[in-house]
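Got a structure for you, questions after.
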Amino acid sequence: MKKTIVALAVMGLGITGAHAQEMVVKIGSVAPLTGTISHLGKDNENGARLAVEEANAKGIMIGGKKVKFELIGEDDQADPRTGTTVAQRLVDAGVKGVVGHLNSGTTIPASRIYDQGGIPMISPSATNPKLTQQGYKGVFRTIANDVQQGSALGKFMVGPLGAKKVAIIDDRTAYGQGLADETEKAAKAGGAQIVAREFTTDKATDFNAILTKIRATNPDVIFFGGMDAQGGPMLRQLKQLGVNAKFVTGDGGCSPEMIKLAGEAISGSAYCSMAGLPLEKMPGGADFRDRFKKRFNADVQIYSPYAYDAASAIIAAMQKADSVEPAKYLPALKASSEPGVTGTVAFDAKGDIKDGAITLYQFKDGTWVAM
Amino acid sequence: MQHESSSPLLQLKNLQIAYGGIHAVKGIDLELAKGELVCLIGANGAGKTTTLNAIAGVLPLQGGDIMYNGGTINALPAHKRLRQGIALVPEGRGIFTRLTVEENLRMGAYTRSDSDGIEADLEKVYTMLPRVKERLEQVAGTLSGGEQQMVAIGRALLSRPKLLLLDEPSMGLAPLVVEKIFEVVQSVAKEGVTILLVEQNANLALEFSQRGYVMESGKITLTGSGDDLLADPKVRAAYLGEAA
Amino acid sequence: MNELVSAVPWLGKRNPMAARWLIIILAIAAPMVAMLFGRSWVRILDFALLYMMLALGLNLVVGFAGLLDLGYIAFYAVGAYTFAFLASPHFDVHLPFWVVLPLGAAFAGMAGIMLGFPVLRLRGDYLAIVTLGFGEIIRIFMNNLNYPINITNGPQGINGLDSINLFGWDLARNLQVTEDFSINSLFLYYYFFLACVVGSIIFIQRLQISRIGRAWAAMRDDELAAKAIGINTRNLKLLAFSMGATFGGVAGCLFGAFQGFVSPESFSLMESIAVLTMVVFGGMGNIAGAIVGAFALALLPEVLRDVAVPLQQTLFGHVLLDPEVLRMLLLSLAMILMMLLRPAGLIPARARYAHPENLHRSAAK
Amino acid sequence: MITLLEARNVGKRFGGLQALTDVSLTIRKGEVYGLIGPNGAGKTTFFNVLTGAYIPDGGEFVFNGSELPSGKPHKIVGRGIARTFQNIRLFRDLTALENVMAGHHIRTKAGLWGILTQNRFTREEERLTTERAYEMLKYVGIERFAQTVSKNLSYGDQRRLEIARALATEPQLLALDEPAAGMNATETAQLKVLIEQIRHDGVTVMLIEHDVKLVMGLCDRVAVLDFGRKIAEDVPAEVQRNEAVINAYLGGGKHAA
Amino acid sequence: METLIQQILNGLVIGSVYALIALGYTMVYGILGLINFAHGDVLMVGALTALQTMMFLMGVAPGMSPIAMLTIALMVAIPVCMMIGFTMERLAYRRLRNAPRLAPLITAIGMSFLLQTLAMIIWGRNYHTFPQLISTTPMQPIEGVFVTPVQIFIIIASALIMIGLSLLVNKTRIGRAMRATAENHRVASLMGVDTNAVIAFTFVIGAALAAVAGVMFASNYGIAHYGMGFMPGLKAFTAAVLGGIGNLGGAMLGGIVLGLVESLGAGYIEHMTFGFLNSSYQDIFAFIILGLVLIFKPTGLLGERVSDRA
């Protein structure tokens, strides 16, 4: 009986035979692998996986031992409760660091578990400012938060786009609403008038009613805080309603998927933002895209470079501290200042990325082009 | 009990039916020759309706046999029995209240595909039931009880039945209307349709029928010609108990 | 308890006493066994206990009173949000747990009556669909009541909820027994939740074997006949709704305190249906069914996570169906097949509505 | 004789069908009162109106000297009128004993708090309820099936159980809707004994029955309904001789109209 | 003014889709008294099957005309959905016809999730772009009011289908049999109607309508997804109840009314409630209407008597 339990436990924890001369270090990756944004979740996991595999290929030595990093992927279903459960699983599994989660809504409750377990976590995509305001020592993110991104977006709309009248839509998710609120603030501060504030959901497909209402206010720019699955159809409906306002969205819509779903309706007056520098402007950016494509036979969606940078930052901190123990390498992580795919990865006192650069993209020739 | 006609059209042998825990029919034998008009009378709850429903195939048997046209039809589903010529006008008429009168009638011809024949039969029913013809487009639920009964009978006729089972056509109807309906029944019988009539209104049923069976508590207790039964005081007792 | 005892396979009928002890020992030892597999399993057990409370409450509405409620999770939400309002930095109110818990229960109970009143006349599937709508309406309000006045903090949810504090004893902290032996907080929560579940079972069983339980059963079996023996079906339906809701509210409070964070995402239609499946799967109308159903279906996805992936990898070389898909597949098949093949559920125990010992006494006379 | 129930000009209409027209009748304390009539005459409708399942369009019921509330079944049971159904309606998943105990519901008082705490009052009341229910099963002769789930009882026993359940509401008037339907001769005879016993024990009985023999042998007085109207009300012997009644039952024949 | 007209038009389009789905609900409910929860998901299967077919056609015959392609896609999607409808009825619902009422309802919920999960396995979780074979380039019949050909197509097609369906139900032999069975199974079988076959037929027709609705829905929005059917399904059920369940005209009316209420509600609720409520409450209109109708006028707008079976 006992043997079976142990056997099951081994199976459950997914321990694979580790060689004696090698030290296996587990790194967790959590994102929704099921549900409506699973394509983004998988993208995140792939980003982290690429970093881990490349580190393994390099043959890193820590504390005199050769280290084999192992990525443990978990699915949080974008559900807060499941998020805490899988967080606990990762802590149990003895991961030394975590890349995740994707959504702010799951990351915030999960961060408490990692904090209790003493394990550092870096979210590549959770942008809610509250995440890093909880006072946990080991919580970081490699992406600009909503305040940073929203203010950049707001400034961009009133500045380069010259918006006087702005309409704002959000999808009533923690992400969409948070970003929309910050963007609204910044746009207002920049002197634009918010002519409409409308709402939809992350499951909706018909936006005609709110778009018609917005059309009546005749905005120069429409901002959507939400994901590509809604943003694409929304663009189509805007076109069908004869709305010619510029369309701006955040990182959630800054994906190839968005372009695919919007079809012909996407035009040169569609813009999106992403934290960090654009891939092609990075020395290793285009290279990353190729490596990613080669390894996973998939296009980079949105956050995989951030996940890659997050995983790399953990590994780099371990190297610097010459220890895989969280308590030992955490100071190194806090102090890290490494060039990453998305820019220099360095954190401020709270754990937010320092000088989180925001790059704005415009749709051109079938793809997002950095401006 | 013996009749001149060669083989009976319908024969019930030791028929037993139980449903909802009630042993409603406890082994009855009954015979109908082609072209006969026979009534089955008895007080409420005696098992008459149950018997008719079993013949039509909407209630399963507990035991015994139903022989029709020389073969056993115990296992045949209701819609197939209709195709063989057994039509039931159910108790409470079973009119489709949301369909028009004409649609109700046409439902009777559901199994038929000879549209000329159907039209001809429709005309025949119209002549037989002139009141119905005036209301073809009306939703049947708006008809009076008597009219509904007429429609129910007309509907059954449209299946061109060989055996027509009538369940209490007089129920809840005023005497004048009842008389009209019985005239219709008689004219149907004259066309050669074999009829088994279940009635509570014993006197009336017996007056019209050639023979009758009296049912009491799931059993047949008396049988005989219509006139004999009319005169038999036991019939009255079956209804109202032994007169003090 | 008796139902649960007789549900124990093999032992239940032959030696009820042994079965009873087996259940008690299992209930106490469960987190320790779970610990062998990792702390996350203890956490899963904690959630399983919360689901048991939900299933018990829903069973009271669906199984006892025969009212199909597809919006049950709304009461869970009311409980959780009550806790969030009254014990978190959100309004900067920090009432003690013992004050918030009854309030959460009471608000949920009131919400139950609010739902109950308008739907009294509806039955069967109409009732189901209106309650489903009610659940969605509550969720949508939770999601949007941050404007014009911020009440629920909208989709961001409310963070930093106080933990459960039993008269100065904080369950969120490990209990330091001696210098080097401490009991993990997850265990503390487990035993506290276990106590709540046991309390609920006792309460519900007492309700079941009472004039009220009998009246519910009567109403469920034949509403017209129930009226004909003088049962005030309107009041009893309202009572069923509000009692069921109360359990949901208590579970919600515990959930909020345990999780420390509430947001509308946790109260989706899918959750309502998951709880309903637990009740159906275990066996509608009996306590053991609700317990076993909740336990089985709360653990199922986690077990799948561990078993399905390696199993598929060894069998097919790669993962064909990921655990979440498998879970959905099994849940939906469970609902369909259970209804077709075993409508009485996994534990088709007949619920008791009378004390047999009273009968022996009167029969002896 | 004291009047127990008086129906005054009760009328009920369903859409186009006038089910009851100005029905007035009087039931005296302690008698067995029969209500007969052909199918569709309105007997069951009368029961439903009396027991609050339907609200009458006109008229009223006076019970024990005061008017009955209409359309409030539980209040009417509370006032002391209990009924059974033409097609038995038991609580099928409950045992015989539990069925009868449920019938006692309206005479018990335990509240939520009492049930939760299982205080002395509640436990005592529960014990009494069990005891009374068992007595009631004994009374109708099916105590050996106390623990049998009611849907598994035989037909005759189900009928008896339904009567026991109705009696558990402690009625002054027991309204039986075709209690003998589907019973064989022996069962019917036993039923007759039971109804006589019930009357003997002080409960007034109102009876709808198709088995006319049973009605004639059992009832003190009989009312006959036809087309929703009362056409006769008298002692059985007189009713049997009544021309209108004979016509209603046997039909007027071809020339009666 | 053009905003109001535009909102009415938006409402008409979405309402027509609701109406089409509602017809399926109402037919099945009328005949069986069953809320076929999975009906919305049959719509989803229809859309995704059509998508699959179009993808295939684009691969093998790239030059094919859009209309031909759409027609073939429909010709594939309709039978697939019919098969699903038939199978559901045959394997699950038929066996539960005499079960307590909760059983078929729970089964139907299970069916809905089963279909979604199977679709998730077959087609993945991502949103798919649905080829918009009918033009979506907007036209301006009135200055400031935009309408696309596909929207006009949807309105006209649902009207035509509605007419066709009422002809089927009101003028044909099988239609009569359906109505007769809906009213009384037993008597219908006495007329020689094989009621089982008629019920199966009703399911199959409902499923075919769902397939058409799915293709229209996907064509209009240009996307398809395994979860796309559930919400419209629920709303369409509301529409059916609103119009009076069991009544075809009612379903159509209910669908349009619901579409209008949603569209106008989202457009004007902010003004009506002085800014207290806003378009984030768009999704609750359907449920509130449903609750109000069931409570105050359970027969619906054009309602017939609601079945009393408990």
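Worth a mention:
As written, the chain order gives the labels A, B, C, D and E, with residue 1 at the start of each chain.
To be clear about the criterion, contacts are C-beta pairs under 8 Å (C-beta built on N, C-alpha and C of every residue); 3 or more make two chains touch, one makes a residue touch a chain.
Since the structure is predicted, the reported quantities are computational estimates derived from the model, not experimental observations.
The chains in contact with chain B as well as with chain E do not exist; no chain meets both. Considering every other chain in turn, the ones in contact with both chain A and chain E prove to be C. Centroid analysis (C-alpha atoms only) places D farthest from chain E. The greatest centre-to-centre distance from chain A, using averaged C-alpha positions, is reached by B. Between chain B and chain D, the centres computed from C-alpha atoms are 33 Å apart. Centroids of chain B and chain C (each the mean of its C-alpha atoms) stand 57 Å apart. The distance from the centre of chain A to the centre of chain B, each centre being the mean of the chain's C-alpha atoms, comes to 78 Å. Inter-chain spacing, taken between the CA centroids of chain A and chain C, is 34 Å. The set of chain E residues touching two or more other chains comprises 278, 280, 283. The multi-chain contact residues of chain A, meaning those touching 2 or more other chains, are 34-35, 172, 199.
Chain D has no residue in contact with two or more other chains.
Chain pairs that touch one another are A-C, A-E, B-D, B-E, C-D, C-E.
Put simply, chain D touches chain C in their complex at residues 51-53, 73-74, 77-78, 82-83, 85, 89-95, 97-99, 101-106, 108, 110, 112, 115-116, 118, 122, 125-127, 129-131, 133-135, 143, 146-147, 149, 165-166, 168-169. Note for the complex: chain C touches chain E at residues 62, 66, 68, 70, 118-119, 121-126, 128-130, 132-134, 136-137, 140, 143-144, 147-148, 223, 273, 276, 280, 284, 321, 325, 328-329, 331-336, 339-340, 343. Contact residues of chain B toward chain D in the complex are 20-24, 43-45, 144-145, 168, 170-172, 174-176, 178-179, 182, 199-205, 207-208, 217, 235-236, 239-244. Interface residues of chain E facing chain B in the complex, by the touch rule stated above, are 173, 176-177, 179-180, 183-184, 186-195, 304.
Residues 16-17, 38-40, 87-88, 154-155, 158, 178, 181-182, 184-185, 210-213, 215-217, 227, 236-237, 240-241, 245-246, 249-254, 256-257 of chain D are the ones touching chain B in the complex.
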